[in-house]
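Chain IDs A, B, C and D follow the sequence of writing; residue 1 opens each chain.
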Amino acid sequence: MQCKYETIISNELLVPQTYRMVLTCHTCAEMVPGQFINIKLKEFSLRRPISICSIDGDRITIIYKVVGQGTKALSEMKAGECIDVFAPLGHGYPIESQRDRVLLIGGGVGIPPLYELAKQYRKLGKHVDVVCGFPNAEACFYEAEFTELGAHVYIATMDGSKGCKGTVLDAVRHYQLTTTFICACGPLPMLKALEAVYNDGYFSLESRMACGMGACMACVAKDQKQADMYHRICKEGPVFPIGKVVLA
Amino acid sequence: MQCKYETIISNELLVPQTYRMVLTCHTCAEMVPGQFINIKLKEFSLRRPISICSIDGDRITIIYKVVGQGTKALSEMKAGECIDVFAPLGHGYPIESQRDRVLLIGGGVGIPPLYELAKQYRKLGKHVDVVCGFPNAEACFYEAEFTELGAHVYIATMDGSKGCKGTVLDAVRHYQLTTTFICACGPLPMLKALEAVYNDGYFSLESRMACGMGACMACVAKDQKQADMYHRICKEGPVFPIGKVVLA
Amino acid sequence: MKQVDLHIDLPGLKLKNPIIPASGCFGFGREYAQLYDLSILGGIAIKSATIAPRFGNECPRVAETPSGMLNAIGLQNPGVDKIIEKELPWLAQFDTEIIANVAGSNEEDYVKVIEKLNNQPTVKAFELNISCPNVKHGGIGLGTDKELAAHVTKLCKQAAKKPVWVKLTPNVTNIVEIAKAVEEAGADGLVMINTMLGMRFDLKSGKPLLANITGGLSGPAIKPVALRMVYQCAQAVNIPIIGVGGITDAEDVLEFLYAGASAVEVGMANFTDPYCCVKIIEALPKVLSQYGYQSIKEAIGRSFKNE
Amino acid sequence: MKQVDLHIDLPGLKLKNPIIPASGCFGFGREYAQLYDLSILGGIAIKSATIAPRFGNECPRVAETPSGMLNAIGLQNPGVDKIIEKELPWLAQFDTEIIANVAGSNEEDYVKVIEKLNNQPTVKAFELNISCPNVKHGGIGLGTDKELAAHVTKLCKQAAKKPVWVKLTPNVTNIVEIAKAVEEAGADGLVMINTMLGMRFDLKSGKPLLANITGGLSGPAIKPVALRMVYQCAQAVNIPIIGVGGITDAEDVLEFLYAGASAVEVGMANFTDPYCCVKIIEALPKVLSQYGYQSIKEAIGRSFKNE
């Protein structure tokens, strides 16, 4: 966990409103899939948390969607410029080597952290199914990249313009994916729907953050069993075992 | 008077802590020497007023000293980048074509506006003496540039490391410059000292500004004769006839 | 994109759009008229008028702060007579609603200024500045005490032949109490907020940066406080509110509408970008329709009204 | 460069330098201890302790604002017993002064927390948080009324075996009045300011962004207000002041010293740059000597003291 100036290697539009950035990272050696980096941008007082999508030697890749002023500013940065990166933060997905197969389920910009995760499970020779949900075909990304890793990719689009029409769960049913150990990341409604079906695996959560490292209590989630217990999404999370925290 | 994005052509260190920037300017045609531009920098809420040093076709030159965070940010900008420039502002030095000779007196970063003024008087074939005051030899700039215009340049340095030792007034005496029509720009103590000696000519003043165009009343100077009358340095000034306003 | 209705009728003010440059940040419009046609604006709140000319405080009068600025102009203005003689006739050429901001050292001064302006057809409403932190007598004193605030409001209402808006200071423990007192005293509307009392120091001398020692903080820095106060008061009073404080773009305007404001004034942003009011007016229909509104009225008070 | 003396002795606190992370912005130091040695710090104001564990408000609890942020954490903390059991023994390893920030829903709660902490040698002083805007009972109520503020101070002073600092809220009309009342009630020092009450709205839903509706504004945005309040109070009371509000660098610290603060707390800046306290401590001697000071004491109150 360190705060360093990193250099942008590339920063390009991947699909509409969504960018991919490659940057140097001093702390690559410590990183695990599902952890995040916290980016300080000029003009903004709070850092922006973004998941690590891929770790490659001394570089990482992130994929982010422009949803507000901070991500817009990020998208306007150019190769060669420096950014202040605090990383790696949080607890990622544990790699469970005893598993034979894993089902990764991602929605939109919840997909990026699953890429490094798929990579690591594939390195262990595991069977990896990936279900990616998007609003439409135009928004789809990383199908080829996952396939290249040797993962099996299934696409769901809300308008049916690509893959299975409907949600990621519709795709799971349509393609009859029966793996019960899942790792998921995506919007809250998606996670809630998955929680109704799965109980083995991990969810990655989001929250508005301030410190990003566990000091300020901005980002808590309630424990499902102990009413008066909270977990910090930035520190104990963002990845939690299914059933650990209340999805709210 | 317009607000436009302009492109930086060059931005380089001239002498320690002092930079010269060349930039495009949409409003060059309207500009007169002694007017200023008001620069908006990212991260800063108020614009920074900087005098026009030279007008060359569709470009202008400015010379500025790094004294705080805004000028520091300006010094870090690179050729090719765009800046938001509000210009031209204020009333500059009137060109009095009936004069045969003019004595220009500048201190530090009060010198830049005198350069365009010297250029315009020289174009009219007038005799131009320029006295430039600096703390030391290392801080000297634009001696060659004024000379090239055909002006006679006299340097004063506080430590005597170049030219005459002492203030600009010491230099005037030392070099026996007898022209009584002067145009001056520089720190307040310099202008006050000049006011004790000269009564024919113009002073350019500085003030903390907000709007830079006459709307907010941030930058007023009192009239010397009418106790209850104020002039806006940004609008009626920054150039005033000697004896018009109270130097405070 | 469907046509978005930016129009709003308020006491004295038929605004074609809710954007009004704030008092003291736009002079009498002359400078900005060199940049754009003032008829584009919903209205203009002109610089505070006092009964006699005022020359204000010593310089420096302004200082920069993070996302804001301090000012201690001290209500410099040529006095109401000169304003009537020189500024109002000139302003009459524009198709926009002129709000006369009224200030004074004591209650009688307010009444006197109002009496002078009563017969000026160009002036559509009064805005009582009982909140300027930069004058020694009156000013902030009136605005921080609910009885004093109510009393000056009452006197002005009695004297005024046009609607009276009261501009509140944020430098109080309980803004709702003051808003209610002023409403009860007959105010036709509230303008909130004026600046927050602040300071900066000169690193070299160690002394206050402003000659007046303290100054009023404005700009984006104060927006969250302004929004909170508008939200609290909008639910406590039945008169309309004009929101002010840190507005720089159409999204900010939308936040103020949500909080309960019916229109807004734009202050410091005019210095950062002299075209900002025009840009906001241009962007507003797009931003409103992007979030699903066909009129500004639909957005007003949405944060506390049930759909 | 001559050696610059950063040391300052205050009631209960022998600070090797005037830099103290502010309560709620540093937890109990565990996270920051992974980044640097906490013994570098002058002191640490630990997260508010309440008598029972508190789980705080719903999320979202934070929102960004121009040069600042809003928070409505709601004093989440494990309760004073757990703090004594788990946090203080761990903190004891560091050579820095621990300030226990004390909060409660009513006066008795404050006294109870103090009684529990009285015998903890790690705690060098108490800081009464009578100013948190994010709890329903007590909190802001106590801090905005001079009698209530004085009363809780008195009770705490009676109970406390260590110096009592009182942390004031800026959300008041007259901060000097409250500072004086608290001094008279026996406070050993003032900490000012806590956050300013503010809001933001969600553009999509039109509703308040924070689940708690309102939150506390902190960060550089509030610095001019904090400086003004320190300046006013430093001239009105004889007890020392710890300045807080928007400090991000050594120059900011110098401004607070000029205003009359004897030390400072750094809050939100720890989030923007987790190393900021270290950087400030490193820069401080350079900045002080650049402006001609050989000790921080020389700069304290310089704005109103005659040389």
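The rule is simple: a residue touches a chain if its C-beta (ideal position, glycine included) is under 8 Å from a C-beta of that chain, and two chains touch if they have at least 3 such contacts.
Because the structure is predicted, anything quoted here is derived from the model rather than measured.
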Chains touching both subunit B and subunit D: A, C
For subunit A paired with subunit C, centre-to-centre distance based on mean C-alpha positions, whole Å: 46
Whole-Å gap separating subunit B and subunit C, where each centre is the average of the chain's CA atoms: 36
Separation of mean Cα positions, subunit B and subunit A [Å, integer]: 55
For subunit C, residues that touch 2 or more chains besides their own: 65-68, 219-220
Chain-level touch network, classified as line, ring, star, complete or other: ring
Touching chain combinations (by label order): A-B, A-D, B-C, C-D
Residues of subunit D defined as touching subunit C within the complex: 65-68, 70, 144, 171-174, 196-201, 203-204, 206-208, 214, 217, 219-225, 227-228, 231, 246, 251, 254-255, 258-259, 291, 299, 302-303
Touching residues on subunit B, where the partner in the complex is subunit C: 1-3, 40, 44-47, 84, 86, 207-221, 228, 230, 235, 248
Residues of subunit B touching subunit A in the complex: 42-43
Subunit A-facing residues of subunit D, complex: 24-27, 30-32, 34-35, 47, 53, 55-56, 58-69, 71, 73, 76, 219-220, 268, 270-275
